[in-house]
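For reference, the structures are reproduced in the following blocks.
The two complexes that follow have subunit A in common; it is paired with subunit B in the first and with subunit C in the second.
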Partner chain A sequence: MQRIIKLITVSLLVFILGIFYLSLNRSSNYDTKFLVGNKLADIELKSLQSKEFFTNDDFKNNKYTLLNFWASWCAPCRVEHPYLMMLSKNKDIKILGINFKDKKINALKFLEELGNPYDYLAKDNNGKQSVNFGIYGIPESILIDSKLNIIKKIIGPLNEKDVKEIKEIIKS
Partner chain B sequence: MLSNTGNFLLSLNIFLSALIIYYSYNNLKTSDNLISKKVFKISILQSTSILICFFTLVSAFLVSDFSLITVYQNSHSLKPIFYKISGTWGNHEGSLLLWVIILTLFSFLFLIYNRKHPKNYRLYTLIIQNFLILGFLFFILLNSNPFSFISPPPSEGLGLNPILQDPALAIHPPLLYVGFVGSSIYFSAAIASMITNYSDKSFAKSIKSWVLISWSFQTLGILVGSIWAYYELGWGGFWFWDPVENASLLPWFAMTALLHSLLVLERRNVLYFWSIILCLLTFVLSVMGTFLVRSGILNSVHTFANDPTRGIYILVFLSLMILVSVYILFSKYKPASIEINSNSKETFVLVNNWFMLFYLITVLLGTLYPIFTDAISNNKISVGPPFYNSVIIPVVVIFLFFMAIGPNAKWIKNKFIDLKIYSFIILAAIFFNFIIFFFFKSYSIISNLIVISSLFLILSSIMDLFKKINFNFPRVISHLSFGFLILFIGLNHNFSIEKDFNLKIGETKQIDNFKFHLKDLKLIQDTNYKAVVGSLKVNDLLTKEERVLKPEIRIYDNPQTLTYEASIQTNFIRDYYLTMSNIDRSDYYNIKFQKKPLMIWIWISVAMLSLGGFLSLFRHAKNN
Partner chain C sequence: MKIKLLCLVIFFNFSVYATSNEILNESQIHKNLRCLVCQGQSIADSNSDFAQTLKMVVKDLIKQGKTEDEIYNFLSEKYGDWILYKPKFNYENFLLWSFPYLVLVFGGFIIVFLIKRRQKKT
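Now for the complex of A and B:
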């Protein structure tokens, strides 16, 4: 009996210490990268300019759709904007801009000033819809295919490398 | 200059620790029962030099010597002197130095205050303690050196995190460290006791003072941290089951169990190996807590910069400590031959230990489970208050009954002669409970049980105050305070009022029996921050009480940080607690208001609990 207790104690300790070791190089911050590979959740987003609603069905005919969460008050959104403009020239990808916790007048002014890369423009005034996408800060972007599978998730502003990667995915 | 002095002193301490181990080991072989004077002298030198080393770092903070990275990262020339000093341990590197100081001072004090105990037992304790000191000194020197320098030195520092610029936070780490680092000495003594077979009641006597010191300080440290979180972090309560709060509670449970098991060992010479396990467990849990916090595995307000190399070092150290102590324990373990009567004081103490262990395992599981699921299944989960509350609270009810009856049980064989008194007390507790709930008009079975059981403990302890035989004042104070603590927590939890709403200047809002009016906002400038101060009138329509609360949004300059300062109005009956935060691009402010009954009594109860520990320490010191 004593031997069994000793064995169990040692195994338990080794197990706990092993887990501690494995945990060392992990980030303990909340991360939503695990969403990649999953299907897009059911959405119903109000249009920014009309009374229309956008649902999953609206994106099924697109080869690829990029969902971009942005706001006029967000400085990094300004930084990523030229890259969105670049992407908007590609015919194989449509961009859905989800205006996050913003005022319509400021949002439209922002697009007038920097250009409008969006094929669809939706709003999420209180930020609740964005929670379904695992958004915890903006800008963030999600790339989906025609079957609404999440292919890629970019946290933070898009950069040259991201645009290159998205273009490669579209080509393949 | 200060960098060189500090590094020299750290290296000197490594040399002195090695020397103590060497001379102590040699001294083991001598036939006389006296410890060599060399060991004493080197120990004095070691304690003095580590203190000088610490004051070197304090003076670097005082004179704002930004050539030291630690000072540059955690101080600023405009910071008030008090926070310059407390900044010394308000960071990873400096706090580790505080670790080593406590390890060293406890090592020295144990050596000089345990002269009555066998030479080899004391020498082995010293050797093991110095291995621990060496481990931490190498960690400091190789990985977390507070004396690392930058060249050319920056002209100004980055400043101390504003939430740490607080009097409570200045004393919280030293208090807590005396608690859980202090437990190192009975970890070392436990191993020394097994090696030298010093296993009788004298062993219990030799460590009891140290357990009482660490327990009392740990209790105070947890209290101060908890008060700080209440008013500084805007958490609005006394306990949040934050993983790092839990990390401080785990050794506390083990210490409390040990404190009680030592009573049996001291009196009846049984539970020796159980006490040894608790000695080892307390310090292992303390180092584990340090590992979880310093490695960045846990996300919490206490998390220092994430650095896996630190984690690796502490993990290796922790593993070695555990494996060596478990190996010695297994090789020395002998099953106890004395049987304990199921109706005796010994059994009641054992029951206390089972409860403590139950709490310990529950909190340990809740704290580690998210780490396990993340490592094994990549699934991030968090274990929150509902888990702890639903597992722990019902068990507390039974625990309190045992806690009330246990102290009056007789050693070896007990007879329940006080049954009538206990029946009377329980009836009184039920009566008071219904009065409380009748007036507050609220009902829940578990709240009633908590109030009844805590009142039972309180009334039993008050009765004990009038006993003439076996009267133990410190014990009565601790048990009475614990009863009050649970009672006030129960009432506070049950009758707290919380409102969450948005308000803009000039607006008035009525929610249930409260009317809120945001009168105005003022901008004030202090030495190291500016603040937006709200003036909120709160009317309690039931009691016709009118209060003006002034929550703040502070903008600190160095480093630039935004903090929300709660406005708290305390009296002996209740706390009004209000925080205000701005909403992006809006005229509205988010207001969180709480009315928390008997809050101050929760703090007072914990302070009294700790006082019981200190009184017990003086009593033990006087008798021995």
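Now for the complex of A and C:
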């Protein structure tokens, strides 16, 4: 009987230490990258420049679409902008810019100043639409394929490494 | 006249009850939702941009007739269980929920064993 108790105690200790080891080795930074592999939520975004709406059907004919949440008041958006310009040259990817809690005049001024990498321009004035995509800060980008599956989610500004990875995904 | 007055009173009471119920539900839901961009605050305690947006979304979902559970399910689908202060019991966290009870049972088992052994010695 004593043996069994000892065995159970040791197993419990090993289990607890194992949990501690695994937890301490895991990144404690929260992100929403678990959405990769899921289907994109239903899109119904107002166009920034017209009264049109963008829906899922608008992106089904694209090989890949990158949804980019941005705003003119967001400093990291300025940092990632050259990378978006770089990606916009690729014919296999279309970019949907979702202007987040911004003023139209400022948004257009931003694009006039830094260039417009977007094939589609939409707006999310109060940020409610962004919740559908699991957005909790900007810039954030979501790469989807023609079946609207989420291939990649980039939290924070795009960088050289991200662009390289996206280009590799597009090539394959 | 009396009937009209009675109807008015009933209507007023119902509308007050409905409003207070909605406020109660809304604030309860806010308290169980973590502000993801704040440190240890629920969206009820936070005035951050993200918290404000989430409050608007919760209001909309309540207006659409969603239940508290449906709202939690929707948000945890988008942001993971981390957004809930009280995550639901599922296969991923069953150990977290059941471990204290397992330890309690195991502890009880050891105590009984020790008492029996002591009784045998005496």
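Assume the second predicted complex is superposed on the first by the 147 of 172 C-alpha atoms of A that agree within 3 Å, B and C clash if a C-alpha of one lies under 4 Å from a C-alpha of the other, contacts with A are read in each partner's own complex, and residues count from 1 in each chain.
The rule is simple: a residue touches a chain if its C-beta (ideal position, glycine included) is under 8 Å from a C-beta of that chain, and two chains touch if they have at least 3 such contacts.
Not measured: the values here are computed from a predicted model.
By the touch criterion stated above, A:73 is placed in contact with subunit B alone, subunit C being left untouched.
After overlaying the two complexes on the shared chain, residue contacts for A:36 are found with neither subunit B nor subunit C. In the superposition on chain A, A:127 makes contact with subunit C only, while subunit B stays out of contact range. When the shared chain is aligned, no partner comes close enough to touch A:7: not subunit B, not subunit C. In the superposed model, A:101 makes contact with both subunit B and subunit C. The partner that reaches more residues of subunit A, of the two candidates subunit B and subunit C, is B. With both structures placed on the common chain, the touch criterion links A:21 to subunit B but leaves subunit C unconnected.
According to the touch criterion, the shared surface of subunit A, contacted by subunit B in one complex and subunit C in the other, consists of residues 30, 34, 101. Within the complex formed with subunit A, the residues of subunit B that make contact are 291, 295-299, 303, 306, 308, 311-312, 315, 318-319, 322-323, 326, 330, 333, 335, 368, 371-372, 374-376, 378, 380, 584-585.
Interface residues of subunit A, counted against subunit C in their complex, comprise 1, 5, 8, 12, 30, 32, 34-35, 41, 101, 126-128, 130-134, 136-137.
Of all the residues in subunit C, the ones that touch subunit A in their complex are 36-37, 49-50, 53-54, 56-57, 60, 75, 78-80, 82, 103, 106, 110, 113. Within the complex formed with subunit B, the subunit A residues making contact are 2, 6, 9-10, 13, 16-17, 19-31, 34, 73, 101-103.
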